[in-house]
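Next come two complexes built around chain A: one with chain B, the other with chain C.
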Partner chain A sequence: MKYRLILGLLLVGIFLQRLSAQNWDHYTPIQASGEIPAEFLSLSSFKFAREKENLNPADHHSNGKPQEDFLLQSQFLIDELLISGKVLFNDPLSLYLGKVADKLLASRPELRQELRIYAVKSSSANAFATNNGIIFVNTGLLAQLENEAQLAYILAHEIQHYLGKHPLNQYVETIRIDQGAGMFKRQSLDERLLAKTNYSRELELEADLKGLDLYLESAYDPAGLDQVFDVLRWSYLPFDEVPFSREFLQTEHITYPESYFLQSVSGINPEGEGEEEGNNHPSLNKRQAAIANRLASLPKSSKSHNLVGENEFKNAREMARFELSHLFYQQREYQKAIYNSYLLGRDHGHNLYLQKNICQSLYALARYANARHLGDVLQASSACEGEIQQLASLLEHFTDYEMTTVALAHTWDRHLEFPQDPDLDSLVNALLLEMVEHHGDFLDRLYRESPADSLPADPSNGDPNGKYDKLRRNRENEKYGEKGYIYSAFVGMFAHPDFRLRLENAKASFNQTDSTAHLTFRERKKALRKARKEGKSLGTDQIVMVQPLFQKIDRRKEIPVRYIAGETGQRTFTTMLSENAEMVGLGLNLLEVSRLQTSQVAEFNDIARLNDWISDRFAHDEVGGLLPPDQAEIDRLVQKYGTRYFAWTGTLSLTEKPNTYLGCFYLALVYTAPLGVYHLLSPSRNTLYFTLVYDLKTGGIALANLASIGAGARYDLMQSNIYDTLLRIKQKPG
Partner chain B sequence: MKLRGIILLGMVLLLACGTQAQQKVPGYRGKKHSLFVNMFSNISFAEQYRTSQTKINFNTRFSAEYDLVVGRPLSLGLAFHSLKTGSDYLGGNPAQITHLEILGYGPGVYFKSHPFFKNGFISPLGAYVKGELLTLIYRARDPQGKLDGSGNPLMAGRFLALVPMLAIGNNHLFWDRVFLTYAFQFGYPIPKTITLSTDFPSEVDDISDKVRNRLFGHLGMNVKIGTGILLF
Partner chain C sequence: MKIRIAILVLLMGLGLQGIAQHLVPGYQGKRNIFVAQYFAGSNFEYGAYSSRVSIIDSRFTLAYEAILSRRLVLDVTYDLARANLYRYLDRDKMFCHGPGFGFKTYPRGLPAPLGVNLSAGAKLLFVHSNDSLNLGSSSSGIWKTDTSNFGNSQIYLGIGYTNVIAKRIVFDYGLELSLPIWGVKTILGKYDPYENQRLRWFYHYLLNVKIGIGILAF
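Now for the complex of A and B:
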């Protein structure tokens, strides 16, 4: 019985360990889990009112207005971030950050109670604290850290920002300087700018030193802590510096010319990037020196750098690094995405997640190259530092057809390696279509000139090793010089029956569907835009609307965004959507964070996923959109919500100063004088109302309704437009 | 009167077609039928025959409209106008006619286009351009009820004028039901030959001109303000 119990406990232990450990081979992007914290769901105006009550009455007398302005803006901006889906909760990273904070504040439990710590999906190496006790730590920072102690110190630094009310004080001081209050009255603009920078530096230094005091109260070892500033200094570089293997993007049939690579890469700037230019963390050298001085005066301790555990730190850091690959891809930093995945691939072999990331990045580069927009997304090798320069050099040598060919060849190989993966499968098809569309002639020539043993017996091919074919090939090689290497790229692929079948399908698909093939890229974009405008109706009974937007901006005010009015308007707007959908008889599923229950974390993640999806669509407008990086996840959403149509809708109301020109014009036309007076006295108002319905299966716009209304967000006009949109969604075409 | 019949028939046909066409248009949350009551006002500066050349004279006209939404940017409607205007002229021979009163009424048919429907002004709301054809039946008479030598009212007569009108305006809706509408309207009355009975036959042409001028003055440029109700 005793042994059974021990065996049982062992099994449970192993199970729990497996549960908590990340399966790197099947890595999936981190998501929020558990219950949604209440602060994600409550109204910003309510939180603002509560924060306002907590203002210090003594301070309120002199700085009341700036303080309230700060609280208002920061509260709404923080909430915008909270509901964006970028902020994670109850996920492995946030939980780990919480554990480190527990250790750091073990002696100050009441302070720990006040804090909420969240990981943020962002590639920038940064952490920041808010006035109300939230600390955000970016995955970009976590990915760069060397040990747990550094993370603890960063948390201590941010906690001091919170305790010192630095965000609020900095805002108030900036306003004072800008307004020329007190001693700033007679100062020039340059002096004021300097004063603002100095104040910011003072706060940073204060947070550093007081943060160190807080850190020293904990059981973390302070030895070598000043090295955290090195992490910040070079955080713009990849998380590691490893020579880029020239074989990395080569395939069996592609060997790049030597000239595509640099003889040597340039060194790293010893002072880091923009050392003195940063506003928030200026003069790292001085700060590092100040901390080093303090540390030098401390006796040696026997404390540890890892209180939560080295493995847990490395696990969290590795996750953050995995996330970086995807984040770089999302931010269109494809070189960084490839290099990041390359670095991770050294430890994780042919990891599907990383391989997909590389293929997607190559696919994106190919699309941009073919649309003649590669310069928008490719950083020149001369602008890079370190080993990533080699990759940049290789990519910048590629012409559009080389880029497409390399992307296709690499993705095809990965598809053969992971044949079950639907995303790689779709990528191969998309790249083939890209090849057929933009380089059809080139592809045909390659097909014609492939060695005979790689092709099926086809009498029409003739003898590719015949005298004239060889001469022709020699002429081509002379003509294309070093580009000749690309002619062998398809040898292996053409030999594969599945590839040939896909190629034929791509050709058929291109010939059938693209009636605008003869048009230039610009003309095609125009035609697409026209088609979007003319979209009459859709004919669906069910639709999902994601996070409707309502914003009021009044340019006459000091703070143009009317946050509270906007929040009220948002609720009215969503009510209008629901009411009108009912009137039209359309099944409307409103996905909005403020309407969720704490238990609906799945829906919260769905909103985050859909936000990413739509951002991705807008990010690649120049190339007409890219394939989503995880179509399987999108298919799951389609199935879950019972519709392929997802809409993004919103209203932006803009108020400006009265239009005096128009007013005077009406006044001059005697009969319209009353209208002239009206225009002279009342502000100019415009409202932008939009609804974009996307078909998630195809990624295209199924219906678009965009109205720029020359009036305020009038209730009747809003109702009218919403009803019209929903009716068009519901009505069958024709 | 044959022309009037043709115009009326045209109006009915137009509306009938409109009814057929409006199945798939949104209206205002599904409601497409409205009734309006409007008041028009025009300002007559320096009326030719007034004693004071600087006096501003406001005239009014009323109309009732039935409005039917037939397309996202289009409404068709029937209107009924009534007007009363006049002309005073003093001086000269006291035996001459010193007052002229014009009374008119008549149906009109109109279309209201919302050319900015892509800017969110979907019929029946928002900015519109309205084209209307009014068949005005009017009488010009002496307001004192004087009779001519044959015992008929002085200048009595019923005449027809076709008035094409163009308006630009805006419709607001409150509480999902009540319209507030305002517009600027421009009309060009085309009166048929005017024959008047008068004790002074030599003045017929003069009076005819005055009637024409007066109609033009009244219908030429107007400011409209009205209210309405969205029915179903």
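Now for the complex of A and C:
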């Protein structure tokens, strides 16, 4: 019985350990989970009013309006970030950050209660604190850290920013300097700029030193803590420096010429980035020295660098590094994405997530190369530092057809490795289509068999391996110069019947889409007009509208964005959408964070995914959009909401000074004088209404309704426009 | 017979626009508007006489507007006008009434009937003049007071702006230029016997400021 109990406990232990360990082989990007925190859902204006009540009139910087302005702007900007989907909650990273904060503030439980700590999906190595006690830590920073103690110190630093109300003070001080108040009255512009920079640096140094005091109160070991500044110094580099293997993107039939690689890569700047003049942060060397001095005076301690646990730290860091691959891809930094996945791949072998990331990045590069926009997304090797330079050198040597070929060859190999994955499957088809569309001639010239075997031997020569046959084959192989290697790239792929079939399908698909090529100019124009006319209505009974936008900007004001009016308008706008949808008889599903209940985290994540999708759609406008990296997830959303049509809609209202030119023009026409007086006295107003309905199955725009009106966002104009848009969505074309 | 045909054509037109109407948004589904408009303005004499204010026009119009498409509105009106003529010693007063027919187009981004619109159409005016009439020139000294009925037709061009000020209430304003084209024999009265008087209308263009208030009916 005793042995059974021990065995049972052992098995449960192993099970729990496996359960808690991240399954890297089936890694998916991190999402928020659990209950949505209340501060994500409550109104910004409500939070602003509460913060305003908490202002301390005895404070040195409490001079009324600037403080209120700061609270207003910061509250709305923070809330914008909170609902953007970039901020995670109840996820493994945020929970881990919370545990480190618990350890750090074990002796200050009341302070810990005040703080909320969230991980942010961002590749930038940064952390920041807000005036109301939120600390954001970017995944880009987590990915770079060496140990848990460094993270604890960064949290301590940010907590000091919060305690010292540094964001508020800095804003108020900047306003004072700009306005030339007090001692700044007689100072020149450059002196004022210097004063602002110095003040900011003072706050950073204060947070460093007071942060260290807070850190020392905890059970974390201070030894070697100053190395955290090295992390910050070189945080712009990938998380590791490992030589890029020349064989990495090679296949059995692709071997790159030696000239594509650098003999040696450039060294790393010993001072790192961000040491330039005018930077608001003091020199990292100075900060590091200040902390090192303090640490030198401390007695040696027997404390630990890892209170939560080394494995937990490494697990969280690895997750952050996995996230980076996806983030770099989203930010169109494809070299970094490939190199990041390459680095992670050393420990994780042929990991599907990483391999997909590399294939998607190559696919994106091929699309940009074929659209002649590669320069927009490819960083020159001369601008890179360290080992990533080798990858940059290789990529910049590729012509558009080489890029497409390499992307296809690499993706095909990964498809063979993971034949069940639908995303890789779609990528192969998309790259084949790309090849057919842009490089049809090149495709015809490719070897279908190994060139040496495919050349027929000279029948007049009895010996097929004779001297002249060999020379002829060599000449054939080398006729394309150093680019000759690429003509054998498809030999392995052509051997697969499935590949040949896909290629034929791609050709057929391309010919089908190009069916208008033979039309005359007049016929094309007619076809276009017909398409435009038909595109004026959609004919669906169900639609999802994602996070409708309402913004008011008044350029006459000191703070042009009218936050409070915008929030009120936003609520009116969404109410109008619901009412008009009912009137039109359209099933409308409004996905808006402020309408969610705390338990609707799945919908919160859906909004985040859809916002990412639309950002991607706009980011790749030059190439007409890319395949989404996770079509399966998009298909799930289509199924969940019962429609393939998702709309992004909004109203942007702009108010400016009166249009005096127009006013004078009308005055000059005598009869239109009243109109002239009106234009001279009343501000110039313009409102843009937009609705873009996307078909998530195809990624294309199904319906677009844009209206720019020379008036404010009036009730009747909004009602009319909303009704019209929803009617177009509902009405069948024709 | 002619009247019957005219009525038939009008009904057919309305029927056709009714068929077309269900495809357009109108204002939240309301595609028929009844408007009461008031026109006022000074009118300049043109041509034979020096340019100066010669008529003060004051006109009420009842209009029915049917939204035909996102950009086009059919406008059927009936005018009731009171015009005071100021010419030398004359203080002629005339009462006019008559039907009109026209279209409004909405070239800007929003669907009709909101926003800036351009209008064009034609009007018949049946004029009843019952005040002093100068039969000859001012120097002839021949004066006669008489009642006279005659017909006149105009085309009009306008620019306006429409908005909805409450749930179903429309407010519009703008400018309208009426250009008299020719005199016609009225069905209500005899043909204008006085060449001089007919020319008065013929040589005037009428620029009015209009304001109107209407109901989005159905």
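A few comments on the model shown:
Just so we're on the same page, the second predicted complex is superposed on the first by the 657 of 734 C-alpha atoms of A that agree within 3 Å, B and C clash if a C-alpha of one lies under 4 Å from a C-alpha of the other, contacts with A are read in each partner's own complex, and residues count from 1 in each chain.
FYI, contacts are C-beta pairs under 8 Å (C-beta built on N, C-alpha and C of every residue); 3 or more make two chains touch, one makes a residue touch a chain.
Note that the structure is a prediction, hence the values are computed from the model and not measured.
Partners chain B and chain C, once the complexes are superposed on chain A, run into each other and clash. When both complexes are overlaid on chain A, the residue A:554 reaches neither chain B nor chain C.
In the three-chain superposition model, chain A touches both chain B and chain C at residues 580, 583-584, 671-672, 674, 689, 706-711, 714, 716-717, 719-721, 723-724, 727, 731. By the touch criterion stated above, chain B contacts chain A in their complex at residues 24, 26, 28-30, 43, 72, 116, 118-122, 125-127, 172-174, 176, 184, 221, 223.
The part of chain A that touches chain B in the complex is made up of residues 533, 580, 583-584, 671-672, 674, 687, 689, 706-711, 714, 716-717, 719-721, 723-724, 727, 731.
Here chain A touches chain C in the complex through residues 580, 583-584, 671-672, 674, 689, 706-711, 714-717, 719-721, 723-724, 727, 731, going by the rule given at the top. The touching residues of chain C, when paired with chain A in their complex, are 23, 25, 27-29, 70, 108-111, 114-115, 163-165, 175, 207, 209.
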